[in-house]
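Shared between the two complexes below is chain A, which has chain B as its partner in the first and chain C in the second.
Presenting the complex of A and B:
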């Protein structure tokens, strides 16, 4: 139950929503599926004076544009993403990453835009503060950090746990952002600041309108893995997304994008590890090395009871397997052709 | 004896249709006009003195109808245990100091949630922070912060001891001296919680001289006794009403502060008051299970025969006595039941720490004790070069054995369970397979066994159950029972028994249950005795009604009772089926010729009718029960040796529940316990730091979902039977089956990987660390053997 008063408006268009958000400045929030925002309000981590509901705006169906890229409305429900025949065919990694989010009820309500714009998580943050952790931490505008007491006030080591963001970054996707002065387009990767206190590079009156994913070139293959304890209905302990471009021989890598999510303030790309694969034959050893390098440079934050060492172990093994699976997928596709 | 029609059959649950259609009324669904919302102010500190409480600003807030602190109570204490040695130790609201985070300090009633929340923020408290202690071994040390004074009978060299249990027999030192092999190990368990889906919720309504209470519980008569006591009201002024209950698993037995607060606030305001605990409150302020530390030293002969065992159990009992002193008593019992141990010394310590108070949780210590003992059993077997089955068979109790406390295993026994489990799982063919010849890839299979035993229906207030069966004049029956159906199916089982005894249909039996004013006293659903104790009371009550029916029919039909048979609400003459009467006719005749007797039967039952009281918690002297259930369980697990991720693939449970009155309900209990045990083994942990709970929600506290459930097979070892008109003996089946399988999973992980785990949960991290240690040790051996001589 949300135990404070707030106003509620329903926008008919995204433009209207932006205008409403702009008018109230810092005190208004967009409400999409509410699966992230409402728990945050219940815990009083955020206390907006106005909710601008987007639920009256019908999302456009996913569509393939003339250049072969696919455009997906930010208001698309995750259940639609995972079940859309088009999405599953054209961007299966996106469908897969939507499928592993929460449970079915969450996916029925949650939207793509809300997923990308979800709050960072920390055990000390994600609860009511009636009698536990009462003094606000940095993230809540206070003067302490519970798990990392030596951190400077501008450092919040909470983790950003969207399952979909790593997949989109690996896919080199862009977001279309609507603001008061019109739309702008940035890489999904650029949406994340890496700062736990303000994880998104969006201003108060900006909303995501759509996600655009470039067409896959021949030789494209992918791998996705979410590490969990019980295999579902939980946030990841680490999320791995891999997109590879293979030469005609099916073994030489011409481009690689690796993204690790859920272990830092935003998704992380281990650029050096990616580079170590490019122009090389992807054999066991090389993939093993890239995975080991990644687990090191990503430097996971201990979170949700998992130690840094264990997260590094987990990323190392599962990233190697995810790379191998991507390669295998390419082979299977080749064989199936 | 003729065929049974209902008992022994998997008849449909009585409560099933209402539950699946959403018609069942739970406490939260009960609505009364003008109900106020109650909220509780809780401690933000693990240990602190309250120098001053000022509630005046909260009282002044419009919409706030009452605020109470300990000054508004009668100061009457309560406790899970209330005996001369362990007098009640807890007040309903904190007095002078708080001893755990979330402890109840004040309560208020307001017109709505938002007002109540605002008012909580207006209560001012001045604190003096005290040093706190969280680990029991730290708390035991002299000089540790004193949470409560040491128990007067506890050894002087310790601090913060809430209670002790000590017992021994034989000569332990001589036993170890005579042993061929002795080993000592230490085991630990994580903090786990019950995970009932329905939160704690209470609605109280004071009507001039009667307090009406609806509350989610496991036994209404215990609740009434404790609530009446702290409110200083006669039992007749407190009525606990029936509601459906959405799970308890031990977490709703004792009196909880919110039940008192809702009642008191209703008495003050004259309006109904409802208090619902949030899930976060349940996780961070309510009661969890008890993490035990177990140190075990065991001596055996070369052939694996147990000679001596010394056990030291340390319970992190939280900030009040709670059921902490019960667990250290029970831990002794869970040690001595399954195997013969000629020389034993046991000591248990219940230690106060600045954690929330503890409650029983399904198995009440048994899973932890059996995990420890059964793990060590396998280590001993391996050291001696014998297999896990042989060592267990060698020590397992047989039927008819006398236990050290004077109880008898009667027709039960562990040996038959172990033998059947080994056979059904093909244990000896599978054990050691993957380590002897590791398969390709990173997945390893392992198999393990664990054994356990559990008692049923031990004496504790109110000790006995009574049941009344009233015949309706159409031949159907109303059953009045205090038994509470918390999902285990007691109403179904009682109906089956009544239908069987009276030869009427399941639909002819209607149950009025768990209402302290209208139903007779009952032991409650928390000492594993309802099917046995209340069931026998129901059998007797229905039996008395049947005898009356037969008597009247015999008079009317001019036939001997022996020549009459009952079938489908009719009385027939055995030799002349033409001679018959319907129940309707018999009951009319009874009213006409037996001074208006409408035919009512009464029954009552308790365990151990010759024992005056329960055994001593401190010395273990005294008998427990006539009903011991034994079980052996086999787990097959799969471990990824690269990631450490492990899961239960298959469980086999061989148990002796006497006989299943409803096999499907027994199966439900078995499966539920397998699921709980695998949560214990691989997923669940309440994470705390300095007494604060880090994961007070379902997302971050991971209980298994249906997708995590393993294949669960089971087999009954039937040792008893049911005959109409005769007492029967059923045994525990609802909480003893977490233990063997938990131990079996630990043993199976070892079988798969060679990694021995001394603590639960068996996390990927621990398994990986174990594998690394093995690798390191192997390398050292290799390099040592390579070194030049």
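Presenting the complex of A and C:
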């Protein structure tokens, strides 16, 4: 049971849901899978007066468009994503990133859009306020950040934990956002503000409608790794997503996108490290250097009890391995052809 | 057949209900119908009532356990339309008109299901609190994938925590239930 009273409406279309959200001016929240929203409401971090349920809206099946890009409905369940033959064939990195989210039951309930719109996390924030015996923190509208008391005013150092967002950013994906005035399309990267108090660049009455992933060119290869303690049912220490474009020789990198997730208020792209790979032959030394550079610039927030030092080492080691695996994947594909 | 009656689930027990963000507003109570293990139940619920509370407190099927109540442990796993989901973070109003299976629906009368028999045989139960959730996850896995590998089973059961550390016996039990050769029955 949730300890406060709220009302519930079921929307038949996404447009109807947006109209309801707009009418309630921030007092309403959209409910998709509920695996993030409902625990948050149980802890009373989020106290909406109305839930607009999207469960009556059937998601469209993933489809490949004429230009080769793939369009995936934001209401697609994560279990559908990881098991979809089409998604596994066309965008294996997305299927892999959906496969490592939470546990099986979470993937059966959670949706793609919900995963992207999840709330940032912090061990202090994610408990019932009644047990805290201190004034509320910034995120709850208070005047202090308890885990980081020397933070600048109104700065919330909580961490955005999505496993799928890094993969989508590496794939250069876009999201289609439905608002009151119509649909707009932005890069997934632009969805994140980097501000823990308002991590998403969405207004109260906007909903994700679909994710669009461009077609992969020949020579594309990828690596994805979620670094965890147990290997299941947990948030990542760091989530590494790498997309490389290789020249015909299979060793020279013509484009690189590296994304590190679960370490800051949004996924981070180490642009300098990406540039250091472009136009170069990928060997162990260069990949190790890029991983070390990334680990230095990402500046991870200590989260879930891991120290900054530990997280930096974690990023360095796992990014090096992820890059190596991406290169190995390209070689295996070449050999298998 | 049980008779289908309207049951009011009023958690406030006549006291003042704490009202949420809408000052003075009262949420509407809704009448929903659930088909639990083949029997239709009509239940009147507030939107804030979770499915696990309806199953345990209103319908009275206490096999489904409520443990962490925040979607972490998997003890409350039930099958909605064949999919294993967490009843503690599912609103009851979301399940209107849905087919739900709980652990009570596995056995047919006195005859246990294959998965339940395998759990017994392998001694895959210690305190038993996680078992209903484990059984439902395992049943859903075997319905989708009748011959899972050890890795498939690990992945399917990753959302179910067991604090008695009985995972090996549990995975063996699921393998045994799937009729694969590589597990020896312990007691049979």
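Heads up, the rule we're going with is that the second predicted complex is superposed on the first by the 335 of 337 C-alpha atoms of A that agree within 3 Å, B and C clash if a C-alpha of one lies under 4 Å from a C-alpha of the other, contacts with A are read in each partner's own complex, and residues count from 1 in each chain.
We adopt the following convention: a contact is a pair of C-beta atoms (placed from the backbone, for glycine too) under 8 Å apart; a residue touches a chain by one contact, two chains touch by 3 or more.
Please read all numbers here as calculations on a predicted model, not as lab measurements.
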Q) So, does A:104 touch the first partner chain B, the second partner chain C, both, or neither? A) second
Q.
Just to be sure I read the superposition right, which of the two partners does A:313 touch: chain B = first, chain C = second, or both, or neither?
A. first
Q) Which partner does A:4 contact after superposing on A: first (chain B), second (chain C), both, neither? A) both
Q: Name the contact category of A:47: first (chain B only), second (chain C only), both, or neither.
A: second
Q: Applying the touch criterion given at the start, work out whether A:114 contacts chain B, chain C, both or neither, answering first, second, both or neither.
A: neither
Q: Report for A:166: first if it touches chain B alone, second if chain C alone, otherwise both or neither.
A: neither
Q. If you stack the two complexes on chain A, which partner ends up touching A:229: first (chain B), second (chain C), both, or neither?
A. first
Q: Applying the touch criterion given at the start, work out whether A:130 contacts chain B, chain C, both or neither, answering first, second, both or neither.
A: first
Q: Please write out, lowest number first, the residues of chain A touched by both chain B and chain C across the two complexes.
A: 1, 3-5, 231-233
(Q) Quick check on the complex: what are the chain A residues that touch chain C? (A) 1-8, 27, 31, 34-35, 38-39, 42-43, 47-51, 53, 55, 79, 102-106, 108-109, 231-233
Q: State the interface residues of chain C toward chain A in the complex, per the touch definition above.
A: 11, 17-22, 25-28, 30, 46-50, 53, 69-72, 74, 77, 83-86, 89-91, 93-94, 137, 154-161
(Q) Please output the residues of chain A touching chain B within their complex, sorted ascending. (A) 1, 3-5, 123-124, 126-128, 130-134, 146, 229-235, 304-307, 309-310, 313-314, 317-318
**Q.** Contact set on chain B toward chain A in their complex
**A.** 42-44, 101-102, 113-114, 117, 120, 278, 280, 284-285, 642-644, 682-683, 685, 687, 689, 692-697, 699-700, 702, 704-705, 707-708, 764-765, 768
